[in-house]
Structure formats: structure tokens, C-alpha cells
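Note that chain A is present in both complexes that follow, paired respectively with chain B and with chain C.
What follows is the complex of A and B.
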């Protein structure tokens, strides 16, 4: 009897696929991608970084990771420099200011080479978003650090970020990069208790972060999206094929608010009612005494004190400079004298409460003119430069008090 | 797929084995890439963030 003729391919369950080689390919592929992602997470690929403008921020469906932001800090800040991170919202991001005129660049010039200013503010960000998380995560690597944040008067701040930027907080929180802070733990627990609809998304985020800590896919695909080709559509640009362009080729779209072309966009009549409601709305927290003084309600005072007190872990308060953002005189002049006194009082009270619970705090904008603002609250480059001139000596004095020059 | 099968059938067995292994390896790498990208996309919020200034 003849032996069976060798036959290829042998009858196989998986056709021409060789399972062993397929699995080796899968493992090698995932391993290589994870290794690349890990390497990238420690590499700064934002040369000349100024800020996360709308095409490289969640607005443009680009979600910078915590590691990506930390890599920017490591690349920009020398160990002998004092790290100054700007957090907060669109005002500190520099809306109405081009990258070359941005206030944080002016702040860097005024502070000099002993400091390194990095702008990690986001549109609609809260004081505990982005920049605040990065600063806390880097507290051991850059112990000489100052965080600048901003908020509107009489506004409570949650200690674990908010909205579309909370993912950065979760990355640090579940990644074990934050300090132990019992009040913050309590706030997170209460948030999950009071918002049952958020339990599943937070669990999913936790699982995703766990996978990402092993595979580093967020850093890898962000890098591809930034440097080589778009892997996700941007809500700010046309769809296919435009979104395939790498994000690095998009210029910072922020415009110069002092350009006469934009003058009519600053104070549109259509926005007047809404803006005035915001200005006058602060009166909801106040009552007026017989002698004409405006007094913040006890409830608002205690809420504001509690939230401010718990916003940051106690050891980080002293290095956190809180700015209370002012409004344009264009709208202020439309208030009655009594309303103006009330608005002024909101700033005095808010700064007072932040200071009372341990933060250096200041307000700004009360003596700025209408040209310094691009709208009710955002600053043009003129206002930005005034802000930089006001903040620089505060930062310097703070660094001195904290012993950073020793 | 048929062409691939007939290609295998016409090849001397050692070469066919090497080709099948190479293709299987490449398929594994491609699946890894797609899986990695899917994990990334699943991790992104499905609702767009539209900033409105107040």
C-alpha cells in the first residue's frame, strides 16, 4: 500500500490560516502597538506648544491624554525652572488672542527664564480640570510649581473636574497619580450616589483606563492623528476626506479680538439680554441691608467656602493662585449704581472666601476698559497683557513665599 | 480565496507552508491594529462637545 501523498494545504479547520502564526501575529502586533504607545506617551510631539486650540482639544474630537500633557511639561520645563501651569477656562486659554499675542506668553516674558509657563486651560474648563490634574500628577517631579486657575464670582468648584474634561481627572485618579484627599473621595462617592446614571459610564471609563494602561492606545492613536493622518472626524471641520489631514497642519484658529474686522462681534445686540441676565443673576445670592450694603447669603457663603476648601488637596492650596474673572465695562455701565455695587461685592466676597480657606486669590478686570475685552468676559490681547502684568508680580511673590528661590 | 487556494495547491509544500504562516502572521498583525483602534474609538465620547461661551 502506498503511503498517502503529501497534500497542501492539509484539510484544516481554519482554511489557510495557521492559528499558531495568527496568534503570534496578534500578540506581536498588540505588543508592538503597546510599546509604541508607551514610548509616545513619554515623548512630546507638540513642538512649539502654545495651547490646546479647538482642533486639538475635545471640541475638535481630539482628547489629549494626561501622559501627553505631562510629556509637554517635561519637554518645555527645565528642572531648574519653576513650573507655572495655567489651568481654568477659555478666558485663560486666550480666546480672542492669537497664539503669538496670548497672555500666557506675555506672562512668561514678564516672569523671565526662572519660570516656565505652560497654558493647559480649556474652553469651558473648570479650575480642577486639565492643568490642575497635570500639576498634581507632576507634584513630585516638579515640586516647585504654581498653578493659576480662574473662576467666575460666587461659583462652586467641584474637586474632580467637570464635563468633557473629566476624563483627564479619571485618567489620573484611576491611574493612581493623585494625592489621597478624603474630601475629594467623598465628593466622588456622593457624585456616584446622587447620579446613578453616571455609574455605568464611570465604570466603563475605569475599564477603558485599565486597558489603556496596558496597551497605551490613546497615546498611540492621538500621535497618529496629530502627526500623520486624522483617525477621528473633527466636529470643527468638514467630514471626509478633510478629517484625514493630521491635526498638526491646522493652524491655531483663534483670532485677534482687537482687529477692527471683529469689532461688531464683541457686543452683539442679540446677546445683550442674556449677558445682562448673567450679570444681574448674581443678585440671587445676595440681599441688601438697610444701609445699602450687599450681603452674601449664609447658605451661599458656606457652600462657596466648603467647595473652595475641598477643591484641591490641602498641601496644594498654597501654590494655587485663584483669579476671579471680571466682566467688561460695556455691560457693567448698563447696570444701576446699586447693581454695580452688588457685582463689585461678589468679587470682594469670592476673593475673600478663597483666601480664607487657604488659597492666594485675586480678582481682575474691574479697572479694564471695553477694548480689553472681546466680549463680556474674554480678554483681547490688550486685556491679556494687563492681566499678565497683574499676575506676574503675584506669581513672583508667591514663589518667594513658597521658598522656591532658595 | 479560490485563487489563494489554487496558489497553495500549485506551490511546493515547503513554500506553501511558509506563505501560509506569513499570511497568518500578517492577518494577526492586521487584526491587532484594528482591535487597538477599536479600543481607542470606543474610549472616545460618542456625543460631540460643542462649546458655547457665556
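What follows is the complex of A and C.
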């Protein structure tokens, strides 16, 4: 005897569906969307692109794809120009600088028409994020290229991106667009071995990239959300109620740090302790000799050298200009003389190590004044323009050394 | 979340395609069993699979004996496993801690040392289906003798994560027919349409409402009258779209394989009274509670006071089933009280008759009262009791 079946409601009716036409329609619709996505992935829909500001970047829940960024490069940069891609973090992104005053624009003016400067830095990005991935993916199409990145002193750089921007690296990595680099492969393997909780998310990313390579839905939906209507909220308080608006109409929210209105926000008392702790914390990597010299510990030296050496594939090191970002004198002056010497030494050592392993490197900010900074590290328009003036000759010289003018 | 992963999409395409390409029921059912095991292993991990395997073997063997006491013992083992994995910390905190904090701490430490980090995936659904199976076998139902079929009943991947809670007498014939029948474009089309509807509900509506609620709910007090009621509506529609979306995906995926799963939702926000609501909301759970808790307790056979008490107990358990927290129990009791009132209000002298006549004359009033009751209940479901009470008072300007 079988038990009685309870009275579930009748199944939902789909009698209106004609199976054959439905399946043909589905196939045709999916094919059309995939074809549209493929076309879009080769189209630049960011006219007048300046940077991925917070409302068109992952922090605003908009995830630019690798293809989208490559399309911007192709649209902006002529084949006869030397491509200069700016990567790195919020400092090079130009936080505290309005889009029209951004330092990378000034760099373009100073370098002239022989160069094409494109800013792909992200807030909280690492040197191997966004811009670095795009540059490497385009190495054959744009062989005359220079990558500008930045980092804080005594910071180890992973070769496969960082945090919320690592998806761009995975897109290139699993999409087969990067060079073979054994040290990077090793770091990826070790990362997955040491972080078992990341194995499934990375597998998930890998499968999504596999699907996307056929269907191009990431590019398609980015295009829709940028040009026509928002498909996901931005999570930014002031924009949330209007999240259906296309992202192209969202203004670049960065403000001019030199505007008197914002001066009082530069160095808030509430941030003082934390900022000083960051600077003083660098002493953890150092010991002081009897003669008063600050010496970087052996472990930190070898780690920094190893990570810097492996951050980029060997053939790409020479075209990668590393900037070690300085601190505002507002905070530096609060350090004791000994602490100031220690902080200075961190810059000297970090630049030295990056150079030793094969990168052109420089630090900046020691001769800037407090108005050049919007906070401890970010530059205002004044500081940004000083940085552009300092970097432009280095870029030109680097292009010369690499034989790009021949 | 599981259905909205790329891994699931890839897995489902492979599993369903191969199922349809294989000839004969034996190969098809064998393949489906392997696919379901892979699915379960992938998402539950070894720690989540082991207890389910033990319970599965126990249930299967107990069913084969067809002895009442063996089935009862196996049911007790299943329920004990559910209590252990899902409720032990809650029970220790609620029942032991008030008397001895030290003993509660020691028991909690002991429980944590032997438990996996999280309860085994879908353990509540497993236990409910096993109890149903054993209950019916004990009552004289035919046991499942084929271990592959039993395995498929237990870990059929579309319904493993969030139901619907299956009945084996309904599932097995459908499975057999699907394994025998040739490819059906109607099943494929209807299954795709249903699963697509589910994905749309989940991703396009529920997830967006979640973002809206996450943003505005912490500022609930600062919202105006309309804003607060919009948040309540968003909460109500979020859970409907999320859960019914999941059910649609499960039913759609099963349909692509040619298997019919029971419906789980039937326009619950169109219900005109609370009984009607529970006939339309999470139907497979409501029917399970009715058949295996409410009716065995005596149902409505022993007068309205006992009937109300039975409903209260059944719904308290229903609430607890949703999670190990007091507010879930309260939500269940809230609905139990509501159902008790719904069944008995007409007996209230004078007032009851008037209310009944008003509702009969204008069904919209019944609908509005029912929805208001159900929607306010979601506050209790989603938020700690004090916060839910505070939000409810704000909604009425109190």
C-alpha cells in the first residue's frame, strides 16, 4: 500500500509555451545578446574618460571589465603614441583632485602628443591591480608602453592583484592574456594552498570567466548600466534612491582639495593618532645602530626584494616606473628627529630595493608642503601637478632608455 | 546562494544533458545519483555529507524492516541529529544556561568540539523527508527497496537546498517516468521558463530589495510614515521573491529532467485569511507540519481549545524549524495564535458575528487584515524581538 499523496496545488501552467518556438527564441535571444556583448567588449563607451571614479568603480558596485579597459586604451591611444598607463592606488587615482585638474591630465600636457596617458588606478588598489593587468594584456598591441605604479614604503606587493580588484587579474589570467611567469604561478598556487576558503570563490570566478568568454554578459550589462539604466545600486548614500540612472550621468565626486571649503577636512584631529601610528609603525621593520643609523631588518629586506622581484614578469620590469608615495609634512613635523630619520630611511631603502631588482623607481613628496596634500598621503591639485612635473622627465628618460623614440 | 553560482550552472547543464543522452532507466538513474552525490559533496563538504550518509543508511534499513518500533527509533535518531546539529547550542543557551552558566558553557564547548563549523547542508530538509518516509512506512506504506532510488529521493539535487519537501509516493513514480521517457522539448521549455522565472525573482527582485532593506532598515526611525511602510513591503516581497524564486529554480530544474516536484507557493499575498495564507505559503512545509505534527497531536478532533493548542505547538515547531533563535519560535507562536483566532473568532459573542459578517460582505477587509498580520510577522521573523516590536510601533506611530 502506498501512502496517500497530500493535496498540493496543481503545477503552474505553462500551456502558453510552444516548446519549439520557445527554445528557438531562447537560442536566438541568447545568441544575439552574446553577439552584442562581443561587439560591446570591443567598443569604448567612456567618451572623455578620465578615471574610474568611485561611482564607476567597484567601490560604487560597478566593475569595469578587462575588455572595457582595453577598449578605452584602443580608443584613446594611437598606434604611433607611447602608451603610459597609470596604475596603483587612490593617490594616483587623484583623490582630492577634480577630474579636470587631475595629475595624470597634467602629466599628459607635460609629456605632449607623443605619449598617451590613461589613468587606471583604483582606490585601495595595489601596484599589480587594474592598470598593471591592462598594460600586460596589451603588451603585444602596444609594445611601446610605460606603467606607472605607486606603493607605500616597505610594503610587499603580491604579483596577482589585491582584494576587490583582483577580479581584473583573474579575467586576464584565466583568459590567457598574461605572460607566463613562474614566480607568479607559484604565488597563486601558494595563495590557494594557504587560503582554502578562497578555492571555491576562485573556481567560481574561473567558471564565470569561461562562460563570459562565450557570452560576454559582463560587458553587455556594464554597457547597459553605464549608458542606459542602472541595474545594481551604487550603495552611495546620495545616489541610492536614484540607482536606476545610468552611470554615465553620475558626476565624478572628487573635490578640489585646495578649495578653502575643504581645507579644514585635510588634517582632522580625529585622524591624528591613527596617522601617526602608521608612520611610527614603520619602525617595526628597523633597528637602530649604535651610530644612530636606522637599518632595515634582514627579513624585511629579503621579503621586500623577493616580492618586488616577483611582482611583474622579468621582461616588464624595465618599463614599470615605481613611485614610493611620501607623507604630508603636517604629520612629519610631529615626529621626533629620530623618527623622521627613520621614515626618511624607509623611502631610501624601498626605492633602493625596487631599483636593485630591476625597476626604475623614485620617491616623492619630501619637498612638498602641507597644502600639496589633502591628507597624509593624497595629493591636492597643487601636489598632483608637482608630481606630474617630477614624473614627466622620468617618463621621457625611461622612454628614451627603452628605445621608444627610435 | 547555491543556485546562483556559476558552478551550479555548469553542473546543471552537464548533469541534465548527460541524463537526457543516456539510454535506459538504469543508466539514467545511476548517472543522476552520481550527479546528486557530486552536488552534495561539493556544497556540503565531507563534514556535511557524513552525518547525512549515516542518517540515510539508517532510514533506508529501518524502512526495509517495516517494523513500527524500528521506524520510530530511526525517526528519533533523525530528529535527535537535527536537534544536535542545529539546535544544541540554542537549547543549551535556553534550557541550561538559566540554571547553571558553568554547565552551559561546558556543554557548549563539548558540542562545538564534536560539531562541524556549520550544520550539514539541508539537514532540516533531510530530516523532514526521512521522518515522512519512516512515518508512512510505519503506517503501512511500501518501503523503497532500491538503494539508488532511495538515494535519489534523499539527495535529489534540485530540492536538496531549499525544498520543496518531497513525498516519496509522489516523487518515485515521477522519477521512474522521467528515466523511461524520451527527451521532451515541452519539459525542457517549461523547465527553462520556470527556472528562468526563479532566477529573475531571486536576482532581479529579491537581491535588489535586499540591498534596499540593508541600506534603509538601519535608518528605520528616520523614515517618514510612507517610507517605513515601504520598508515593510520590501521585507515582505523580498522573502517571497527570494524563497519562491528558489523553489521555482528547483521545480524548473527538476522539470528539465522530466521530474515533477510539488508546488511550494501559490500567490500567498492574495490569501483572504490566515488559513488560506498557510495553504499558499511554503506549502510543502505546511502540509508536512499538518500531516506529521498537527494531526498526530490530535488535530481538530478534540474541540476548539485542543485544536488551538495543537496549532500553537505545530507552529512553534514550524518557527523553530526556520532557525535556532527565540524570535523564530515567537514568529511561529504568533502565527499559531493567529490561526487559533482565525478559527475561533466567530464564536466570540456578538463581536465575532459582526466581524464575520463584515469580512464576508467585503472580502478585501479579510485580505487586508491577513496581509497586515503576515507582513508584521516578518518583522518578528527577521529581527530580534525588541527591534521588531520597536519597528511595529513606529509603523503605527506609537
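Couple of notes before you dig in:
The rule is simple: the second predicted complex is superposed on the first by the 387 of 406 C-alpha atoms of A that agree within 3 Å, B and C clash if a C-alpha of one lies under 4 Å from a C-alpha of the other, contacts with A are read in each partner's own complex, and residues count from 1 in each chain.
The working rule: contacts are C-beta pairs under 8 Å (C-beta built on N, C-alpha and C of every residue); 3 or more make two chains touch, one makes a residue touch a chain.
Quick caveat: nothing in here was measured; it's all calculated off a predicted structure.
Chain A has more of its residues touched by B than by the other of chain B and chain C.
When the shared chain is aligned, chain B and chain C each come close enough to touch A:211. Once chain A of one complex is fitted onto chain A of the other, the partner contacts of A:59 are limited to chain B, with no touch recorded for chain C. By the touch criterion defined above, A:23 reaches both chain B and chain C.
Once chain A of one complex is fitted onto chain A of the other, the partner contacts of A:318 are absent, as it touches neither chain B nor chain C.
Once the two complexes are laid over each other on the shared chain, residue contacts for A:203 go to chain C alone; chain B is not touched. In the superposition on chain A, A:33 makes contact with chain B only, not with chain C. The residues of chain A shared by its contacts with chain B and with chain C are 6, 8-9, 17-20, 22-23, 26, 208, 211, 232, 235.
Against chain A, in their complex, chain C makes its touches with residues 5-7, 9-10, 136, 139-142, 167, 169-170, 185-186, 188-190, 192-194, 208, 211-212, 215, 251, 260, 262-263, 266, 280, 283-284, 287, 290-291. Listed in rising order, the residues of chain A touching chain C in the complex are 1-12, 14, 17-20, 22-23, 26, 200, 203-204, 207-208, 210-211, 232-233, 235, 240. By the touch rule above, chain A contacts chain B in their complex via residues 6, 8-9, 15-30, 32-33, 54, 58-59, 61, 63, 90, 95, 123-124, 163-164, 167, 208, 211-212, 215, 217-218, 220-221, 231-232, 235, 274, 278, 375, 377-378. Partner chain A is touched in their complex by these residues of chain B: 1, 4-5, 8-9, 11, 13, 16-17, 20-33, 35-37, 39-45, 48-54.
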